[in-house]
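Here the structure is laid out as structure tokens; the discussion comes afterwards.
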């Protein structure tokens, strides 16, 4: 792969990751949001694959395939099961309305750009310049966890945070050591499973889907 | 002598471009209606029907509300004039249009937006309820579009290091990778959203509705008749063609004449018309499957457009 | 091999529990495994206290004085909590709140919880530490939600969401540290081994390390329960079964803090102490302020204890901010003392909940008169926790304050003293309400089972003994402090 195509592939995949993050803020239908999450997971896998092919790093290629499988298919399917409980799977009243949160996402992107300058300066490869996009995805995930009120939306926000971090990890270091990478991915997977179990229990026992209804514990 | 010949060619290029846009505009409207009819299972009017409509309107008597001032009459003329001005100097069929150095993206787009403002003023001038309502809605949309548009252009300008339109098209021709860069793609998608909103297409406005609650653009032109209305239809359709022309030339610049010569220019012209027609057909197909958004949801769409543009700008800065 | 066996024993015990299901003897077996952990911790401590660190499996497991000390903390408090779990589970089963199957699950999860905490403190690789800390989150989620009431499920939802995000940030911080290490070693073999990170600490890029440390403090700080990321803590600690609350409050928080201390050592090498001091002082004072303001009007005694943990984590953070060997030794002593006292209190609170059936402070009256043993344990626990002599928290708090003044953080010490005074007053008034008063006529004096009171009294005596003698731990604490202070 010559360096120009490598770079444009990388740019497009990384751009797609953050674009999907924006889409999750933009859309109200939870199904569409989960679809965006799946696309994001695949784009993330493509980033790893492209990097692996470029650096002739077999481990990274394997990791890329695993990411596509886990984040592109498996985790979205799990989240979709959570949605199966919700008859009206729409994010009807987020704490911050959609236009404002989109503008907020824009502001966060700039914040990410500012915050990562030392990192970008240190990495100094062409792939490293895309690191702010990973940070922006992370911040958007945070933001959507804070302003969204549905159980499923919070899971999606958490996964956005995780995908953003994974993007930074791939771009900055071409992946942390494999053991840690696998441990991290497994943990995320388990967290999603745990959240799913909790969501199902909350729904089946107390018919709670909206986190605003969780008001029992406070000071 | 040589200079004079050069000058004449430039004038000729400008005239042909303006003519193509002027005729192409109504034809595009007809084409889009035809596609829509066919997809809905109707035969539909012939493609050149809007041209016939316009000819009919020019032959009709012009009626103006008694209380209206000169603004009412000037609005359609200014609308058409703005499109003519920018169509003459923009890289539509060739990358070396007349006065190419001054054809700045910002300038072109904002001269074009002048048309919307004048139209809103004309609608307000009548003092009717519909006119006021339409203008207020249209200005709301305009105000939401503007930041998105500014930032989208900025994003493209950052990656190409210029906001000069012919240069932007040439960069795309010389380095196809620039077109595939996320910055350009994001900026152009935002640009597309703005085009749809500004020219009153679905899902922002339904061009064929006359339902009071929903209409935006139609409400503004309700009081116009005769040649005034004809001018407005021509002006609006020209604007759509022009904007789509810009979009396709920035997205798929191939075919645009890069060198002087009649043959190259003709190829460029046909390529342009073909690309715009394809874009128009795609929009028409999209419109068949789309419902109009509620007015209160529009800010969401346009804020989305804004964020796309913003992301484009950030990626452009990052990837520089 | 010892560190590996240390991990293996609780794990195998958990497998046994899973295989045979809940029995009384399984509970005692689990308790025995924790006893083994404690003894191994002491053995490890004697081995490494004056000698270099033990390294197993080419550095994958690494035990130095600090790790050994943390193993002792986990062993001691784990022993207390697991032995009380037997009583808790039997009560739950006999009252019909729980089935044998769920009791088995509980036992297995607690063993897994202990194993992951042990892994976090004996791992030589900061990436593995991260994986272990994250694993504790996943395991404890089910323990927090064990009672399956609406409140418990709500608490576990908040717990897992907030802690997962926090720990994700910590992962990002770890990645950035790795990035800095890659560049510091010029592409040569770089790893996430703590020792190799320490050896290149002076060459790590300061800009990246600043960002990394901020993310790590934010991330692990969430698990530690430092404000403003503490909001999960009162919910989770008040809803979990008492032994689990004791484990979480007594050990889990400080295990996360242990990882933070390790990273602080690396970052201090790269940045000097100034930056980490700012971060820790901010988080510490904020935690104290939050705890002080929310303890004033607290109506629930379990939540009161939980906010008290926030306070103590804030104190520990301030001690770490001072960063001298004396300060770190005091921090570690405080970790042990707070762990013991808090575990005792949570277990006593769990017993109070069992017999009184309420967690409202207003509903519990005259404990000392009605239930002398239980009330006495609770009272002495509070005294210990408030940092009164002879308990070890007095010494450690005093030394931390001294260290803060010594390094020029006198104003921090002053502010924290004021906030501690506020907390002292509000906890005293809540405690007075619960403990003192006359026994209503006709109500007999209740006896508490000695199975409950004896271990708790033992723990309190231990806490007091450490405070008075400081003998067996002195050299270990000093050696452990020197691990992370250069």
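We just call them A, B and C in the order they show up, numbering each chain from 1.
The rule is short, and it goes like this: contacts are C-beta pairs under 8 Å (C-beta built on N, C-alpha and C of every residue); 3 or more make two chains touch, one makes a residue touch a chain.
All of these numbers come straight from a predicted model, not from anything done at the bench.
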item	value
Grouping of chains that still touch (sans subunit C)	one piece
Innermost chain by mean C-alpha position	A
Most distant chain from subunit B by Cα centroid	C
Distance from the mean Cα position of subunit C to that of subunit A, given in whole angstrom	31
Approximate Å spacing (C-alpha centroids) for the pair subunit A, subunit B	36
Averaged-CA centre spacing for the pair subunit C and subunit B, given as whole angstrom	65
Where subunit B touches two or more other chains, by residue	none
For subunit A, residues that touch 2 or more chains besides their own	none
Subunit C, residues touching no fewer than two other chains	none
In the complex, subunit B residues that touch subunit A	177, 180-182, 185-186, 299-300, 302-304, 306-308, 310-311, 314-315, 317-319
Contact set on subunit A toward subunit B in their complex	4, 8, 11-12, 14-16, 18-19, 22, 26, 97-100, 102-103, 105-106, 109-110, 113, 129-130, 132-133, 136
Complex contact set, residues of subunit A against subunit C	115-119, 121-123, 138, 142, 145, 151, 154, 158, 161-162, 165, 168-169, 172-173, 176-177, 179-180, 183-184, 187, 190-191, 194-195, 198-199, 201-202, 205-206, 208, 211, 214, 216-217, 219
Of subunit C, residues touching subunit A in the complex	125, 127-128, 130-131, 134-135, 137-138, 141-142, 145, 148, 150-151, 153-158, 160-161, 164-165, 168-169, 171-172, 174-176, 178-180, 182-183, 191-192, 205-208, 210-211, 234-235, 238-239, 294, 297-298, 303
